[in-house]
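This structure is in structure tokens; I'll ask about it shortly.
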Amino acid sequence: MIHAARIVSVAGSPDASEAETAFAEELGRLLAESGFTIACGGGPGVMEAVCRGAVSAGGETIGLLPSDDPADASEFVTLPIPTGLGRARNRVVALAGSALIAVGGRYGTLSEIAFALDAGRPVCAFGRWGAIPGVVPVESPQQARDFAASSHEEER
Amino acid sequence: MIHAARIVSVAGSPDASEAETAFAEELGRLLAESGFTIACGGGPGVMEAVCRGAVSAGGETIGLLPSDDPADASEFVTLPIPTGLGRARNRVVALAGSALIAVGGRYGTLSEIAFALDAGRPVCAFGRWGAIPGVVPVESPQQARDFAASSHEEER
Amino acid sequence: MIHAARIVSVAGSPDASEAETAFAEELGRLLAESGFTIACGGGPGVMEAVCRGAVSAGGETIGLLPSDDPADASEFVTLPIPTGLGRARNRVVALAGSALIAVGGRYGTLSEIAFALDAGRPVCAFGRWGAIPGVVPVESPQQARDFAASSHEEER
Amino acid sequence: MIHAARIVSVAGSPDASEAETAFAEELGRLLAESGFTIACGGGPGVMEAVCRGAVSAGGETIGLLPSDDPADASEFVTLPIPTGLGRARNRVVALAGSALIAVGGRYGTLSEIAFALDAGRPVCAFGRWGAIPGVVPVESPQQARDFAASSHEEER
């Protein structure tokens, strides 16, 4: 693939805390500046914040929606993909990127972490799921961006 | 539903330890004796052991296979269902039962635990994933059977 | 597999005509008498009718539901499996049986026919989709039952 | 969505005829020139040809792969999304665009047509599946492009 985008997956709750929202927005900006396209679930909360950050820096954002209606995507999704899979779309979110970054999140996010690790994708997490074996805990958006960048390099 | 079976989901690794295999086989026997139909991934290891135990007590076993070929089921699966979904079938395993029992297992099992909790199914675990928030750790097949039985009662 | 059930898939519309409903109920009875377990989408219309017929003859019926709630199954489903996949569960319906019988139906049924043929499953149809290349048109429940029985024999 | 891409889905066989390949490549070029992003299965044959055409005109191409490995995408896929769903990813291909264009194809393509129609997406087809009720037959890449463009307008 000579033209292929560098994609990184971002997971997190629709009802994010203020700290998680701020983390996600800054993360989106940093990832876009580093040339990454973001793949996420396309909904509110962490998903919306990371897309808002990415779009503010001119980035592209893929929203893998559970429904069959592209209008369900948040306004900062540039490529809405209505999967029609319900929450089974979490598997697609987990696999879309060369790495997965989790920002807080609940059991839906945990399912994405599990599927990513199961498929050999590197995973880092800010907050709740950082202690899952195999997950690298991160403290800042910069650390998460660096994690994604180095994961992508190793993969090549 | 006047005729509906009582279904419980069982998750675990294809490459189970001796202790996990023994736990799963005894669990299958106990669940079948208590009138439960077992739903699992239909493969080797924990999945095969729980089905072997259930069949030895005259029980029914549903094998939700990742492939599209029913012949991929272990010989103790009485109802092989080739889903053709790859490991996205983990979501179906997680939802099929009124509760989920995890026996050891790795990231595939973790994805099933996450999907079950996400959908409000009670989850208990023997071994590795017992410390996940929301999961009830169990020490014996009897405890796991009692957990499934009481979960099913509460649900009604 | 020494104990494996003989499963046949039945597809059709939630809003069946009277002729389709009568066909499906008689088909369910005949399949159960021939020792088949029925797999279907678990909903109303053709799905409910084929399950009602099967249960009246002491048969088992698997309902592969789009939702994550087993209570969404019709009352004649003996094994409700909430897949949580939305209409992507049509793929599971298509693959569950050693053959697929379509009774009327619309585009959902057509997706099941396409997936079954794609995976090498024999398909027969009463009514609307009988002219799709690769589908065998049938006129009576007896013909459909014989089709399923001979498909199962060939497969062994 | 203020930034959302206009996406159209294209379906067709991995083993396309020469006429289908030529049709698909010209179609890809025309769609990209009209500002559409293409969503397809990401494989060889029609899928590769439509992506090659789109990329030659500076367009973007989303490849929704059945496997979990982005390296399985053809070289003209600019956004490889490994779904890990096997052929159940056909549902995602069907829903990703505001319309579906089928170029030849076999049962996999038929499943995509059925899912698209089931979800209310307009569908046109060159060749084999043009006679399915609800599908608009087209004779040229220009006609197919115009169909996609007018479908997108109506949807807004």
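Per-chain residue numbering starts at 1, and chain names A, B, C and D are given in the order in which the chains are listed.
Methods note: a contact is a pair of C-beta atoms (placed from the backbone, for glycine too) under 8 Å apart; a residue touches a chain by one contact, two chains touch by 3 or more.
Fair warning: this is a prediction, and the values are worked out from it, not measured in the lab.
S.K.: Between subunit B and subunit C, two touching copies, which fits better, same or different residues at the interface, with half of the numbers shared as the threshold?
M.R.: same
S.K.: Would you identify the chain whose Cα-based centre sits farthest away from the centre of subunit A?
M.R.: C
S.K.: If I rank A-D and A-C by number of C-beta contact pairs, which comes first?
M.R.: Result: the pair with more contacts is A-D.
S.K.: Could you put a whole-Å number on the gap between the CA centroids of subunit C and subunit D?
M.R.: Taking the mean C-alpha position of each chain, the two centres sit 30 Å apart.
S.K.: How big is the gap, in whole Å, between where the Cα atoms of subunit A centre and where those of subunit D centre?
M.R.: Subunit A and subunit D have C-alpha centres separated by 26 Å.
S.K.: Using the average of all C-alpha atoms in each chain as its centre, how far is it in Å between subunit A and subunit C?
M.R.: Comparing mean C-alpha positions, subunit C is 39 Å from subunit A.
S.K.: Going through subunit B residue by residue, note those that touch at least 2 other chains and give them in order.
M.R.: 68, 84-85, 87-88, 91, 115, 119
S.K.: Given which chains touch which, is the overall layout a line, a ring, a star, complete, or other?
M.R.: The chain contacts form a complete graph, every chain touching every other.
S.K.: Can you check the complex and tell me which residues of subunit D touch subunit C?
M.R.: 85, 87-88, 90-91, 106-108, 110-111, 113-115, 117-119, 132, 134
S.K.: Which residues, counting only subunit B, touch subunit D once they are in their complex?
M.R.: Going through subunit B, the ones touching subunit D are 66, 68, 84-88.
S.K.: If we count contacts the way the header does, which residues on subunit C are in touch with subunit B in the complex?
M.R.: 1-5, 7, 37, 39, 55, 62, 64, 68, 70-71, 73, 75-85, 91-92, 94-96, 98, 115, 119
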